[in-house]
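Report on one structure; see the data block that follows.
Chain naming follows the written order as A, B, C and D, and within any one chain the residues start at number 1.
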Amino acid sequence: MSDDKNKHQHHILSNAASMWVFIFLLVFTVITVAIAQFDFGQLNFPIAMLIATVKAFAVVLFFMGMKYDSNDNRVIFATSFIFLFIFLGFTAMDLFSRGQIRVVGSPLMAVVSDKVFDKPWLPTEEIVAHGKEIYVKQACATCHGDEGLGNGPAGIALGARNFHEEAGWKNGRNPAQVFGTLSKGLNAMPAYSTISESDRWAVAHYVLTLGPRAPEVTEADLAKVGVDPNQQGAGENKQRTLPVNFAEKIYLKEI
Amino acid sequence: MDWSFIFPIAASEIARSWDTLNVFLLVICVFFFLVVIGPMVFFAIRYRFKPNRKVSTVSHNFTLEVIWTAIPTIILMVIFWWGWVVYRQMTFDLPQNHKQVRVVAKSWSWTFQYEDGRTTTNQLFVPVDTPVRLIMTSEINDVLHSFFVPNLRIKKDLVPGLYTNIWFKPEIVGQYQIFCTEYCGAGHSEMLGKLIVLSKEDYELWTWGKEIELPPAVGVGAIPQPPGLVAKAPSSSKKEETGIQVAMLGDAELPSMSLVEQGEALAASRGCVACHSSEDRPGIGPSYVGLFGREVELADGTTVIADENYIRESIENPHAKIVKGYENVLMPPYPGLLTELELNALMAYLKSLEN
Amino acid sequence: MEHTSPEGTNYINYPKGLMSWIVTLDHKRIGMMYFFTVLFFFLIGGLFALGIRLELFEPGGQFMTADTYNRFFTYHGTIMVFLVIIPMIPAAMGNFILPLQLGAKDVAFPRLNLASYYIFLFGAIVAFATLFFGGVDTGWTFYTPYSTNTSSAAGMMLTAAFILGFSSIFTGLNFVATIHKLRAPGQTWMRLPLFCWALYATSIIQLLATPVLALTLMLVAIEKVSGVGIFDPALGGDPVLFQHFFWFYSHPAVYIMVLPALGVINEVVPVFARRPIFAYKAMAAALFGIALVAFIVWGHHMFTSGQTVLTNFVFSLITMFVAVPTGIKVFSWLATMYKGNIQFYAPMLYFFAFMFVFVIGGLTGVVLATLGADIHFHDTYYVVAHFHYVMVGGTLMAFMAAIHYWFPKFFGRMYSEAWAKISWLFIFIGFNLTFFPQFFLGFQGMPRRYYNYLPDYTFLNQLSTIGSFLVGLGFFIAAFYLGHALFRGKKAPDNPWRALTLEWQTSSPPPLENFRYEPVVTHGPYDYGPERG
Amino acid sequence: MSSAHANEHEHAHHFRDAEHQFQTNKQGMWLFLLQEVLFFAPLFVGYIIFKFIYFDSFHYASKQLDWVLGSVNTVILIVSSFTVARAISSAQRGNQTGVIENLVFTLICGLGFMAVKAIEYSHKIHDGLLPGPLFTNTAMLEVAPEAPLFFTFYFCMTGLHALHVVGGLVVFVWLIKRAKRGEFGPGYYTPLELTGLYWHFVDLVWIFLFPLLYLVG
């Protein structure tokens, strides 16, 4: 098809021509910047795009030599833009014709308690007891079972961890590592970053009391989960928390 | 006629019209299948290889080609239109006097929040012959889920941060299967629930917190499941074992306030009322009265309908759309300061103030 | 590169040496490398499929946890889509056959061709490497926010898909340039075999759609690593936007998989019906009709996703029009059989099988395009059955037809016709037994990607599982006799099917430079009839 | 070109002659550019959509970009496009020194572009205007809550474009080497032509990026 066309002389862009295109482009760059100094509201976008398109044409026709090129190549390049607009058009048709997703900011943080522990990585009676509370409230039992045997209703299918055995803890089983698992999640287990850090520590300590004695937390472990023990108020809730009120209770009744 | 040998039992008018559509589609499919495969088999036998058979060299036939282009096109348009009609019914035909239930999904359970303020998990209680509208969303930091009741032929995704709607009007008392049909992880196939359609009397009792016997399971999921396979939700798990099935309230005692009252109290406790009055007078911020569902004019001249998505945005990110006349008072944003259920309560409250 | 090879040598035995294969620029060798690589991946993907079916034999966990199951269907999907079906016919068959049918010595850019093979290989390696990083459980659709929340190695799999995308793009680029520029004298557009037309349409889709997927997946990967929120609602992003981006590629991708299959069928029918193909022009036009419409129907994957009613309306309407060109092709194949002289060789049998399943797949496709109906069927086993009828039914049957049709050309040997028929029977029956029950599972509302299901669905699932093993057996037999034919098969003549297209006008296997003489085309590809037939 | 000097340069065995090969390679490049357009598409589409969804935030955030630096970069790229065109025409005229000079100048322009980019990025990083979670400029969050999203797009789009620039620069170094060996002339300048097309395309992308990000926001 285009074979015979190939035989024509290659077009050589004259210096004068390229110079004119060059100047043309500079001029329009100045124009678009100048116009942008005034605010036309919704019109800014179409105006700027119009100018950009004009510049684009200059580049494509002369610098890229489309003006002197074969029809195949014209069609090829044109096609890409046609489909770009199809893509934009149909996507916009949906996105602009519906109520948008507007929610921004820190993810929801359901407060289970206001309790904040100083140095929460130390397994005190108090924090363990608190952890047991959270364990119940957050329905950990759904998977891990009431006694933490990993035999909760959903646990059977998901192969939930049995806290009573020592072997096979993927992330290791000192409080910091368990805290990490709670924060990041593991396979089937969702991340519990929605509950406060103190609460996470508490749950970690509680589940560890179920099994054989857990190893001590070292500085290194803490560093791994981004806690600096020397820093003032370490382990307190960094995220904004919700004020407790009755709606919370209604919410938590269900969990 | 009864198609339950192939379609699940149709429990609503929409489901029935869906059945009619699909019977039509089935017929079309079978017909065209025969139209193609029949001749294929016939030709294969009739024109099987013979050493010196005279073959036709006809390379095209315009009329024929037009026919098998035009006829399918027409039929396709009919199919499309019929499909659209059924879909429109599913989407728009919601009667004015309907119950509203707000649904919040999280991996992997359903929470249903009723107008009277109670909430249940994985069990949706509705009265028979009453249109119910579900306003659904998924926990903001959770994943996509999808609400599907085969016997009602309805399905809709629950998208974090977006409110989707669906409605139905069950006509048969019974328990129906609720599936999650948008892949949501390891618990996906365990994320089941029951739509419990009660007789009007039983529903009345249930709303008063009386224990009532649950109706039998109908349609999909009616076959009793061997133990160990029963999909359990945190709160429903205990009672499943006890012999006689009794309805669960969210948590045996009745909620102190209706959803609207909760919203009102919430508005007070969060100091919303300081700026937004519940009487029809502008405060520091726009009044709540008659706000919901109204067309609001914004500072930049555009207008929006004040629906769930708008209200939510105005709470989470007040500066995105500033109401005309309030350009210079900036409300503090409340992103993540309210749970999905609280937001629902507030919206119910605002909705109650629409005039 | 040599301009001629010694008499009596062919592309397999000249030039010699392993190195000459590794760095070869010969499209035939690259095609063969693709061919065997894809077959290997097909085996693996198939094993995953059998694993899934075994797990679903009864409700509840059989021998794997929900997590393992999710990984199984993810790998089955990803491997079959990105590593098997997409390169299967274009990259493997196309690479070998296209230049031959055009009468060219090679594809336009041999180096790029080799590169795209190694990119493909590299992508595949990365994809399998994820297995050692905890596997991937997102499903092949990588829907956000799940793919960004999951703790599995999704990021790596996304990268793999990104790489594979470029392999596919370069193949497409190569083919388009080849078809435009390297046709032999007399090989006019209207004398182009329809397989070339099909590959042409396919390549255009690959060029236009794949880059979009590539970048989209990259964005998801970036989002997963650094937590920027383009698709994450908690950060102001929009998961539905991802679905739009994803399906803008992945719906046309369906046609990347199917169009070449239609091309193969177009080759097979006239040869074995010994009669000119019916409505050549309409056939070629239909291929492009499908390719074009493919780009503006993606929304029908999102009818329940929270997409607006207007969008649903438009997409459903346009989707209907996919059926029209498809119908044209199906009817034209029928018309080609009419008053033909039909020989029942293996390729033709696979054509029958193809018609049978492809028609079912197509018709159920119309059902799914119907707005009202789809609301119930969406994400149920009805969809699973539908796209297996099209993908496996359509593409795989055509692929088997292609193997049996071109086997003598590839290797210069013949396979056992008897064994071919036996394995065909297993595959055909097994396939229908596997997937037909799934339509009824769909009617009954069984959702897809379920590890555990209600007892209501047990019986149909068991049928399906049994069927899947029949298919497995069928392919095992095929592998056996084809493998045997590869080494022990009896010598094949240059043109065993007395076909007219150019690839048969040279020796089998073809020599290095394809043709000993510069071919000149004087007649159409399918001018069978009393004189030539 | 006339088949007279079509054989000046040897051609691969599957082409009829050098001209045939030239035209084919050129079309290959056009096809590559076609896929490039679609490769940038998701970013453009996503940006335009979010721009209108979060109009005010994006407008405000875009005002944080330094339009002066942006304009400087635009000019630099236009100049480089110009010199590339000159390099090609010099090759067509057989003017060796012209080819080298123009290529070197283009290379310098490219480096300049990257330098300006570096300055811009460092400013943004300093102001904590980074994509998504890295975004630390809380002051702006109060006014423009979706600013992080804007800067996500800003960095993705300009970053991807910058990658293309870098790729181009590498090729230019290689071309200069070859030009020094005097390989390019009227008979054979395919690599120049193709790189030229590519470079103009990079310019083209920027022509749209600049107003989208810096001017209208």
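Structure notes:
The rule we apply is simple: a contact is a pair of C-beta atoms (placed from the backbone, for glycine too) under 8 Å apart; a residue touches a chain by one contact, two chains touch by 3 or more.
Everything quoted here is computed from the prediction, not taken from an experiment.
The chain pair with more C-beta contacts between its two chains, of C-D and A-D, is A-D. Put simply, the chain farthest from chain A by mean CA position is C.
Chain centres here are Cα averages; for chain B and chain C they lie 36 Å apart.
Note: centroid distance chain A to chain D, computed from Cα atoms, is 29 Å. Each chain gets one centre point, the mean of its Cα atoms, and the points for chain B and chain D are 48 Å apart.
Under the contact definition stated at the top, the residues of chain B that touch 2 or more other chains are 140-141, 159-162, 185-187, 189-190, 228, 300, 317, 320, 333, 335. Counting only residues that touch two or more partner chains, chain D has 20, 23, 27, 31, 34-35, 38, 41, 45, 49, 54, 145-146. Listed for chain C are residues 60, 65-67, 149, 180-181, 208, 212, 233-237, 239-241, 245, 306, 451-452, each touching two or more other chains. Those residues of chain C lying in contact with chain D across their complex are 1-3, 99, 104-110, 112, 169, 173-174, 176-177, 180-182, 207-212, 214-216, 219, 222-223, 226-230, 235-237, 241, 245, 513.
The touching residues of chain A, when paired with chain D in their complex, are 2-3, 6-10, 12-15, 18-19, 21-22, 25-26, 29, 32-33, 36, 44-45, 47-49, 51-52, 55-56, 59-60, 62-64, 70, 72-73, 76-77, 79-81, 83-84, 87-88, 91-92, 95-96, 100, 104-105. The residues of chain D lying in touch with chain C in their complex are 12-15, 20, 23-25, 27-28, 31-32, 34-36, 38-43, 45-46, 49-50, 54, 131-134, 145-146, 148-149, 152-153, 156, 160.
Across the complex, chain A is touched by residues 60-61, 65-67, 134, 149, 151-152, 180-181, 189, 204, 208, 212, 233-241, 244-245, 248, 295-296, 298-299, 306-308, 310-311, 314-315, 451-452 of chain C.
Every residue of chain A that touches chain C in the complex is listed here, in rising order: 1-3, 72, 79-80, 83, 86-87, 90-91, 93-95, 97-98, 100-104, 107, 156-159, 184-188, 190-191.
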